[in-house]
């Protein structure tokens, strides 16, 4: 198990009811974090619509995550 | 012979030394007017680079011209 | 230069920053808050922006545009916070030697900003409802295969 | 609305004319006087405009753009007279529901204005020379066959 800080944005944050939380997860990749926190961010969005960053750097869904990392889960963006 | 008022613009006007003049020309089309006034507007530009208007309406080079018409000869344009 | 603005974007002042004696073409795009979206009457909206990554990703977009369509100067500002109908939500300005690069760089930048930056738009409708707006490209993105294999947490 | 301006184009005021609550995209193109053209150092320039036909042909271009890329509002102003480096020679603004029409209509308008309107540009160079600038499309236009048959006057 790894200690991962997960940050939720926009609709994810509204559904989770918190902007961030630190969880013990059995996660190897950013995708694992996304899937294992579904009951928190409540999203049935496909991950392909969403984006992820690890430690404030944009990342791929198969990017690895380590103990102590911060994973930012971004719902579908809509700038402009 | 037809009495045609010919108006010169930009480099054509500079070369002709006048903005307009009324000439007696044996001209059936706007192209005839362009060609027969070459010694006035001094242009060796192909007509395809230039434009013509008859009585303040944009015209084609094969547009007919009548006695009393005003033909405007436009050298290559460069707006913008 | 990419920036996030918490208040009205000062378009008149910003234009001055683009001035360049070697620039012959200047193209601006502004995104304005419309009174309607997909059949819903919009009253106002809110942008949520994750600034650290919006700015770094925004700067990346500007640099990509520079490589593709060499320009002389660029400036882009995106709003955060509450906006009313008619407000300017995003402002992209490019000054280039010729108009072709100015238009193409400007278009590239706004297109990328809309799909890449961590910015979210919540619309408030006149009927009292509200909703987060989906990315315009989402309809074209497929589910990722690896997602199906994950463990649900 | 297409207009010819004898003095500085008041871009800040003109922007207000495009405001429309149903417009989500606003695209502007400005042509600025550059300090260089085809290797010549430019000091200043003059535009000669034949107003009656520049305006009617300009309005025609705006209408064509409306048919091709339906927009909400449009405004275009072209300068006449003497201009200095950095001055705005032409200003084209389009407000549309979405950005695609705004960009495309704006581009269509400036492209057509440059090749169709009876407007001529005389550049004055720092070396004291001056010259009328040729249309950018001229290189692509062929001699007309009928021209060879004409009688020289």
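Brief remarks on what is shown
Which chain is which? They are A, B, C and D, in the order written, and residues in each are numbered from 1.
Heads up, the rule we're going with is that a contact is a pair of C-beta atoms (placed from the backbone, for glycine too) under 8 Å apart; a residue touches a chain by one contact, two chains touch by 3 or more.
These numbers were taken from a predicted model, which means no experiment stands behind them.
Looking at the partners of subunit A and subunit D together, the chains they share are C.
Taking each chain's centre as the mean of its C-alpha atoms, subunit B lies 23 Å from subunit D. Inter-chain centre distance (subunit C to subunit D, centres taken as mean C-alpha positions): 28 Å. Separation between the centroids of subunit B and subunit C, computed from CA atoms only, is 50 Å.
In whole angstrom, the spacing between the mean C-alpha positions of subunit A and subunit B is 72. Each of the following residues of subunit C touches two or more other chains: 31, 99, 110.
The set of subunit A residues that touch two or more partner chains comprises 80.
Here the touching chains pair up as A-C, B-D, C-D.
On the subunit B side of its complex with subunit D, the touching residues are 9-11, 25-26, 29, 31-32, 34-40, 46-49, 51, 53, 56, 58, 61-62, 72, 74-80.
Taken together, the subunit C residues at the contact with subunit A in this complex read 31, 47-48, 50, 52-54, 57, 78, 89-90, 110, 113-122, 132-136, 138, 141-144, 146-147, 150-153.
The touching residues of subunit D, when paired with subunit C in their complex, are 11-12, 15, 19, 21-36, 85-86, 95, 97, 99, 102-103, 106-107, 110.
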